[in-house]
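The two complexes that follow have chain A in common; it is paired with chain B in the first and with chain C in the second.
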Partner chain A sequence: MDLTIRRVGDALVLRPELTRLDASVALTFKDRIGKVISEGEKHLVLDLARIDFVDSSGLGALVALLKRLGSDGSLALAALRPPVQRLLALTRLDRVFRIHETVEGAERSLASDRPA
Partner chain B sequence: MSIDQQHIGSRQLSSRDSWAEDDRLLALQSLNILDTPPEPAFERLVAITRRLFKVPMVAVSLIDRDRQWFKARCGIDVAETERSISFCTHAIVSSDAVFCVPDATRDPLFANNPLVAGPPGIRFYAGAVLRAPGGAPVGTLCIIDTQPHAALNEDDRQSLQDLAGLASDELALRSTARALERELKQNERTRVQLEAANASLKKMNERHRRDLNVAAAIQRGNLPSPTLQLPSLRIASLHVPSQDLSGDMFGYGRFDDHASYFWMGDIAGHGTEAALRSVTLSKIIANNIQPGGGYQPPRAPAAFLTQINRMMLWPEEASSYFTLIYGIVEDGAECLNLSFAGAPPLLLLLPGEAPRLIEGSGLPLGLFADVSHDEISLPFPVGARLLVHSDGLVDNRDESGRPFDDRRVADWLTATRDMSLARALAVLDAALLDWNGGRSPDDDMAALLMERT
Partner chain C sequence: MNMGDSPVSDVAPLALSLSISSSLTLASATMAAIGRLLTELLGDERGERFALACTEAVNNAIIHAHGRDAEQIVSVSLQVSNNEITASIIDQGEGLALSERLAALPENPYESESEMPESGLGLWLIRRGADRVEYLRDATGNRLVLTLRLHS
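Take a look at the complex of A and B:
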């Protein structure tokens, strides 16, 4: 799984180069981003622009990462495609994650959360 | 000046060979020939050489660090001699192709040599160099007599050189053959190791298969009995695990003397972990609903979900969670109550109407300690049908990646509305199998089809 990583202030914007986040990659995805968290990163933005399908394993991986970051970290999801948006609404997890329509929006929000 | 002296004068002795001794010894060792038993090729070679030159002694001599060792010899009693008294050790450093001593008693280099002064009393010696494949001088083919000879003429020199060339070729062939043999042995060892690894993998695989079969049987054992009869409700089910073990589970039965319950759960992920958790879920739900057990579980589906969630909270690091749809049907009532916990939409087919997709949102269970869920009440008159299913059913993909989706499920529900529940599900099963081209599905699939009677 390829992961494009970009630093914005004290946050990392991560874009998994995947079209499906399902059982076949969920564990790799979780481990890969878990490694970033182990390296001390606290604030992550996941750019999901390319992902048009998430299954229960994929959602499980997202929730596990959120739980791992805990209350002093944050995991924002950006640029969700409609099927992913629908799944998050159905599971009400759209209230658990910070959701941004665009990656730029997520970055602006990061900047206003923590002014330089 | 005698002829012999003249000849000694013309002999070219080089004080050091262009081959460093260490490299020469390494080349000799890599031939793996020292102290090996006699071999026909070398035996024949010394026999031919002896007949050709009519001398009593011939040897294929190899010069080791401190000795010369004879790979083949005739007329010589010993297998090796000290290098310091060896003629051949001079031959291999000579720049002459053939090193020749016509009369050793007249040669200052050899006159006092114990092999000359004592037995066997060497007078004549001629040796042609043997070379290892890289060119290192490793020994000689030598002819020896107890009588002095005239210096070898050009033809004889050439013959001795050619015979030595044959011996060198044999050394090279032998070394190639040995290398091949070693490689074959190594291959054989590798093959044996691979076979052992394969056998052990196969054994492990068989054990896993047995374990999986047992686990699948336990899981199936937790599904409701197909013969279970409920008042005012008929139910049929479909359960297609993706890889023997499924994270999908469902159940139904009597809630108490006045109502029946049903549920469909989907543990995130597949395989052993999901299956084990699905059995746990099944047990916890069944244990919470024990008609006449003295304990009264919450009657409202939303409150029931809250209770199940508390009992199924998994450790922080777990990425697993489960979706659940749970409902209650009061005997004789024309409606049913249910709650969604992250579960996919269900389909309601009322008599004389088109199917309706019923969506309910709610957090999945097992993730967060405090959750609350909405409750939905649906009309459920006699003849109405309800389909609850896991997400694997509508995400079942065909070859080009198109999902089987809600619309196709709705069409099936309409087309089979006059069939028995079991027959209708058999049609759905066939359609799903046909859709994914007969492959084992990527995700578990489960469905409960209910009808109000």
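Take a look at the complex of A and C:
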């Protein structure tokens, strides 16, 4: 699974180069981003612009990463496509993830959250 | 052609049947194609939910019934008749005892943030994606039948 990584301040913006976050790739996705967390990163933005399908395994991976970061870290989701937005609303996970319409919006939010 | 949320009004008789090896990679590609067909037929939101339900059923068969044994076969069929679409997902694996689990599903996927599940949402999504879900078990394996009205 290809993952494009970009640093913005003390956060990383991660873009999985996938169109489907499903059972065929969810474990790899979780392990790959889990490795980033293991390396000490606490604030992550997931750019999901390419992903138009998520299944229960993909949702489980996102929840696992959110739990792993815990209260000391943050996991924001950005650039969700309509099918993914609708799934997060259906499962009420839109209430627990910080969601941004665009990656740029997520970056601005990160900047305003941190002291200059 | 993308029909958006306006489903096809004059759905021609439709029947599709295919069998795949118990591979999650193969299932992903197959269900992506079926998902496009279902959103054309049912509109974006209902098509996405039904496609997701079918995908969860196929993944259940591969992971739980067949234990990811790629030698096993999962069959998927779609049929439109009587203003309904029916999807049947058939495997030859271990019994999944889904009737009891379907009957016990809660209305909400979880009750509080601390209970957010890392797994186990699949059956809930199957139930939410279809009007009716029937589970049949016989000597040859499991059959999950999902039915949805063509028009909401």
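Here is the rule we use: the second predicted complex is superposed on the first by the 116 of 116 C-alpha atoms of A that agree within 3 Å, B and C clash if a C-alpha of one lies under 4 Å from a C-alpha of the other, contacts with A are read in each partner's own complex, and residues count from 1 in each chain.
Note that in this section a contact is a pair of C-beta atoms (placed from the backbone, for glycine too) under 8 Å apart; a residue touches a chain by one contact, two chains touch by 3 or more.
Note that the structure is a prediction, hence the values are computed from the model and not measured.
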| item | value |
| --- | --- |
| Contacts of A:89 with chain B and chain C, given as first, second, both or neither | first |
| Touching partner for A:60 - first (chain B), second (chain C), both, neither | both |
| Touching partner for A:68 - first (chain B), second (chain C), both, neither | first |
| Which of chain B and chain C A:23 touches, first, second, both or neither | both |
| More chain A residues in contact - chain B or chain C | C |
| Chain C-contacting residues of chain A that also contact chain B | 22-23, 53, 55-57, 59-61, 63-64, 67, 90-93, 96 |
| Touching residues on chain C, where the partner in the complex is chain A | 24-25, 27-28, 31-32, 35, 44-45, 48-49, 52, 55-56, 59, 62-63, 108-110, 113, 116-122, 124-125, 128 |
| Footprint of chain C on chain A - complex, ascending | 19-20, 22-25, 53, 55-57, 59-61, 63-64, 66-67, 82-83, 86-87, 90-93, 95-96 |
| Contacting residues of chain A [partner chain B, same complex] | 22-23, 26, 30, 53, 55-57, 59-61, 63-64, 67-68, 89-93, 96 |
| Sites on chain B touched by chain A in the complex | 247, 266-270, 316-321, 323, 340, 342, 344-345, 359, 361-364, 367-368, 391, 395, 442-443 |
